[in-house]
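The two complexes that follow have subunit A in common; it is paired with subunit B in the first and with subunit C in the second.
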Partner chain A sequence: MTEVTESLEKSRAATFSWYDFATRHRASLAAVVILIFPLVMPFTALAVNILIYGLYALGFNLVFGYLGLLSFGHAALLGTGAYLCGIAIVHFGWPWYAAIAAGVLGGLVMALLIGVLAIRTRGIYFAMVTMALSQCVYYLFYQAVDWTGGENGLRGINVRTIDLFGLRLDFINPMIRYYVIAAFVIAAFFAMSRILASPFGAVIEAVRENEMRARASGYDVTLTRLLTFVLSGGFCGLAGALQALHLSIVPIEILHYETSGLVVMIALLGGMGTFFGPMIGAAVFLVLENVVSVWTVHWQLIVGAIFIACVLFFPAGIWGTLIARGRR
Partner chain B sequence: MTAGAAQSSEIILRTKGVGKTFGKFVALNNISAEFCKGKITSIIGPNGAGKSTYFNLLCGAFPPSNGRVEFEGRDVTGLPQHRFAHMGIAKSFQITSVFPQLTTRENIRVGLQALVSRYDIWRPRARLSELVERADELLALVGLWESRERAAKTLAHGEQRALEIGMALASQPRLLLLDEPTAGMSPEETRTMMDLIVKLALERTVILVEHKMKLVLGISNRILVLHHGELLAEGTPQEVRQNEAVKRVYLGQREH
Partner chain C sequence: MAGLSFDLIALQLFAGLALGAIYVLFAIGLSLIFGMLTVVNFAHGAFYMVGAYVGLYLISLGGNFWLCLVAVPLLIGLFGLAVERVLIRPLYGRGIDYPLLLTFGLSYVMVECVRIAFGKTGYPFDTPEILQGAVNIGVGYFPLYRLFVIGATAAVLLALWLFLEKTSFGLIIRAGARDPQIVRVLGVDVSRVWLIVFGIGTAIAGFAGLLAAPLQGVIPEMGGTILAEAFVVTVVGGMGSIGGAVLAGLLVGVVVGMTSLFAPEMAKVSIFALMAVVLIVRPQGFFGRAGLLS
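Take a look at the complex of A and B:
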């Protein structure tokens, strides 16, 4: 018996070292991949999209994968970030960095507002309440035509150069644009890694695992959920702000519930509750969309079929399945 | 008043006329009782007697419909559950309740962390290394040190119950509430658990809910007997065993 456990521990120690190494340096690994990523991609624009949607999914995954709540209203967080960043530039002429800060703040505040109302509900009710509230946000921005451009979207977010301590970067150049956005995304990965490795990160998972036990241990479950939702809003707000800068327009569709559904799909595809899953999900989804839509207009049919196959045969997602294989 | 205060310092927990109704159903009616510090008190009664309801009022899982609960002389009626752990009251659940995907050690570590750090999102949790050391001590105490790296869901039933006790101890409680700690256990596991409870009671007050009367007679200092939501009898194991009303309730029931 002891021999069995010993050999088991030995074999684990052998395979685990890689896994532990990757876990310890997960943010640096993400940084390396992001830095070399555009060099292997056919179009930089696609690479930028993957970064932004990956960041959006990273924030969503904090609530979905780590906290265990299915939110169907994350479009409101992404969209608020995008609109506030855009409004700061278009209507107030703020510099780009202040506009990004406004976007992050917008994501945080919107998450707080939605969170306070929705966080006491569970399961399907949480999904429904968040979706309803995000629809309210959609109509709010849709109606405020003077500020948001309504149906036409918010246009004219023209950031041509990025001033960085006297250094003027040409934001029109796709490669430079990629690396400016990548800098923010990498910073977000480091922040996420820290949050997950913090004492609070342990509380998030404990609440997901067993709410009653967490409460009996002395954790305020409601407050933990709310704080996690707000943190998630910060990441999604940043993704929205970067999207606004990247597209130089905020389309009203960013607040549509399809945007909320998309991120669920990306997280499931990549692997919910894993660190790299969201980014991998975003890459696979957007590349598929790009490749398949070249030869058929019915690309959604094919991507949908692939998605269903993934959920049926790899319920842990692409990255989740790979981790499970690697650990065995 | 001075004499009363001296006496009440010996009382750790007190309920004054607590009751609980669910809709029209009266689960518990007007129970006043006192629990002595440093002792093992058992709450027994047949199925549906209101034991678990009473237990849940004591540990703050839900508030009583009427009456009040006092812990160390302080009114704690209606406080949220998570505050109880900070005051020094810990509980184990009747149905095993652990963090299934986390390792055994992480289960205890999270329990310990609740007293130290709950909302720190920035410093690495590895810095709180003293928590891991204390977790290992508790794992040794409840006999789970060998299984420290295993996911809690892979533990045997008896081990999961022991883990729950370890998690309850993590909050350094002065009062430990156990809801049928031996439910579903083999005779051997039950003996181990009973030994553990006696050991734990050396340093803290223990209140125990149990269905099987025989199990607690040997280890309890005091016993409360509930029946149909009422307090039927109260006293030492000797007194309770000889109580006519208790005999009547347990008569005809197969003694376990």
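Take a look at the complex of A and C:
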């Protein structure tokens, strides 16, 4: 068995393989695609949304695809990032970069709080506990009206210019806004690629594949899960902070459990446990939503039906199916 | 504290029990389906919501509430049978996440279909005339309808208990929950048992939706809220345990009732705090078996 795979590896190494090349330079490849993307998209606003939701799904996929835990509470991580970024600007008047840092920190801390409780449960419980806890976060932010604006959402996050080492960028300009946000998303892609390629990344996948064997090999399974969940919270917090800057308002719906469900759909549609899957899922999902909502207000019906069909017939998702074809 | 008499607390306790009764009905369906099929039914809230809307529709056609109490569970149960047969059955053996994801997608479709048929805004749901008013229960006047909800829940629980413990089909269900493979070897068609259990669970969800309708009205989103709260109930009680669902459902109802008396702004958050405490002290819940789901 191992000999066969070894000889396969050798033959692959001998002849140049596009697949291996793409895998090795996956983050750079993602960067190139992201940089070209707005030039082919008709609406820059949609492109920015795809970037942000792609980042959100990238963080979610670390837990769902690579660690193998289904979380239904990621809205709490995204929402906390968005709210903390917004609160830092509106209530404290922090500069934009400090606000983004606050958002990332918020995502990390919220993931730690939820993770410590949810990791105590096993298997399918995880989905239920994360969903219940994120619902709790929803009520807490909903009731803290003085800080979050409650039902009306947090308004007045006005960032007009981005100051960068003496360089002043006009954040109102859609193209410049896209590339500012893209810079963060590309950095996140490099960070994610680095995490997955590290020994820790291998442990994450080992825990997914065989928890008992990972434990027997001396790895602390609980700690690995918690750390992965917290890292995922950092990516989602960043996505939330960028969302707050982009929309200049944080609606309370960002914490709603449909936002948690949305990212599950995006990740599954794109291909869970694949590097490019979340971004592709976000692009397909949001374009689909845009197209369908022009045609009918009941886009949830279509989206739900497509999702059911995906679960039944395409569990590997778009990118997962393409990879499986390409490897053959 | 001087303004809070013993009677007021006792009344609020009863109000909490009535709310808890709805949680119990919702959670036993969820728990029954999980215990047998290992399917976490994310569409359970949608079945609950559709139950309320079917009741609304039947009454608008001229039916009465008592007819609905029989017809709604039957119709929702039949719908549940169809869902299991067509959508969930192909997913057995493909990992525990897939039925969950599928039912989540299904809940989107069901909610949107109801929005198309009945509109996005909610409707009030009249309490049947004979159950309007209040009765003296010793500590004060208590709404008759809430008393009826508690009674109806007790009746459903008794019927379910008799069915599971005293009939031969109930015996097969209990055996199937313990070890489906052995039951299959003994010549029982397990997939038929699973089909029926899913039907019963969804029928109870529809019944719970109908009972809850006069208390809070009907809106398409009513299922999503109770789903998160029912997860708290199942985590506190122990997943797959019907006794746990009953005890935890009543407890959650009472906790909500009591906090809305003493600290109304904390009522929604209190049950999640309860769940957090249970997770720290006893992660498998009151009656859950440790390691059952690993």
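Quick note on the criterion: the second predicted complex is superposed on the first by the 312 of 328 C-alpha atoms of A that agree within 3 Å, B and C clash if a C-alpha of one lies under 4 Å from a C-alpha of the other, contacts with A are read in each partner's own complex, and residues count from 1 in each chain.
Convention: contacts are C-beta pairs under 8 Å (C-beta built on N, C-alpha and C of every residue); 3 or more make two chains touch, one makes a residue touch a chain.
As the structure is a prediction and not an experimental result, all values here were calculated from the model.
*Asks:* Can A:221 be said to touch subunit B (first), subunit C (second), both, or neither?
*Replies:* Only subunit B; A:221 stays clear of subunit C.
*Asks:* Which partner does A:301 reach: the first (subunit B), the second (subunit C), both, or neither?
*Replies:* The second partner, subunit C, only.
*Asks:* Which partner chains sit in contact with A:140 here, subunit B, subunit C, both or neither? Use first/second/both/neither.
*Replies:* After superposition on chain A, A:140 lies in contact with subunit C alone.
*Asks:* For the overlaid complexes, name the partner, subunit B or subunit C, with more touching residues on subunit A.
*Replies:* C
*Asks:* Just subunit B (first), just subunit C (second), both, or neither: which does A:162 touch?
*Replies:* After superposing on A, A:162 lies clear of both subunit B and subunit C.
*Asks:* Of the partners subunit B and subunit C, which touch A:209 in the superposed model: first, second, both, neither?
*Replies:* The answer is first: A:209 touches subunit B but not subunit C.
*Asks:* For A:197, is the partner it touches subunit B (first), subunit C (second), both, or none of the two (neither)?
*Replies:* Once the two structures are laid over each other on A, A:197 reaches subunit B alone.
*Asks:* Contact residues on subunit C for subunit A in the complex?
*Replies:* Residues of subunit C touching subunit A: 38, 40, 87, 90-91, 94, 96-98, 100-102, 104-109, 111-113, 115-116, 224, 227-229, 231-232, 234-235, 239, 265, 268-269, 272-273, 275-276, 279-280, 283, 291, 293-294.
*Asks:* Report the residues of subunit A in contact with subunit C in the complex, numbered from low to high.
*Replies:* The contact residues of subunit A facing subunit C are 70, 117-118, 120-125, 127-129, 131-133, 135-136, 139-140, 143, 257-258, 261, 264-265, 268, 298, 300-301, 303-305, 307-308, 311-312, 315.
*Asks:* Would you mind writing out the residues of subunit A in touch with subunit B in their complex?
*Replies:* So the residues of subunit A in touch with subunit B come to 194-195, 197-203, 205-206, 209-210, 212-221, 223-224, 227, 231.
*Asks:* So in the complex, the part of subunit B that touches subunit A is made up of which residues?
*Replies:* Spelled out, the residues of subunit B in touch with subunit A are 59, 80-86, 90-91, 93, 97-102, 106, 109-111, 113-126, 128, 167-168, 170-171.
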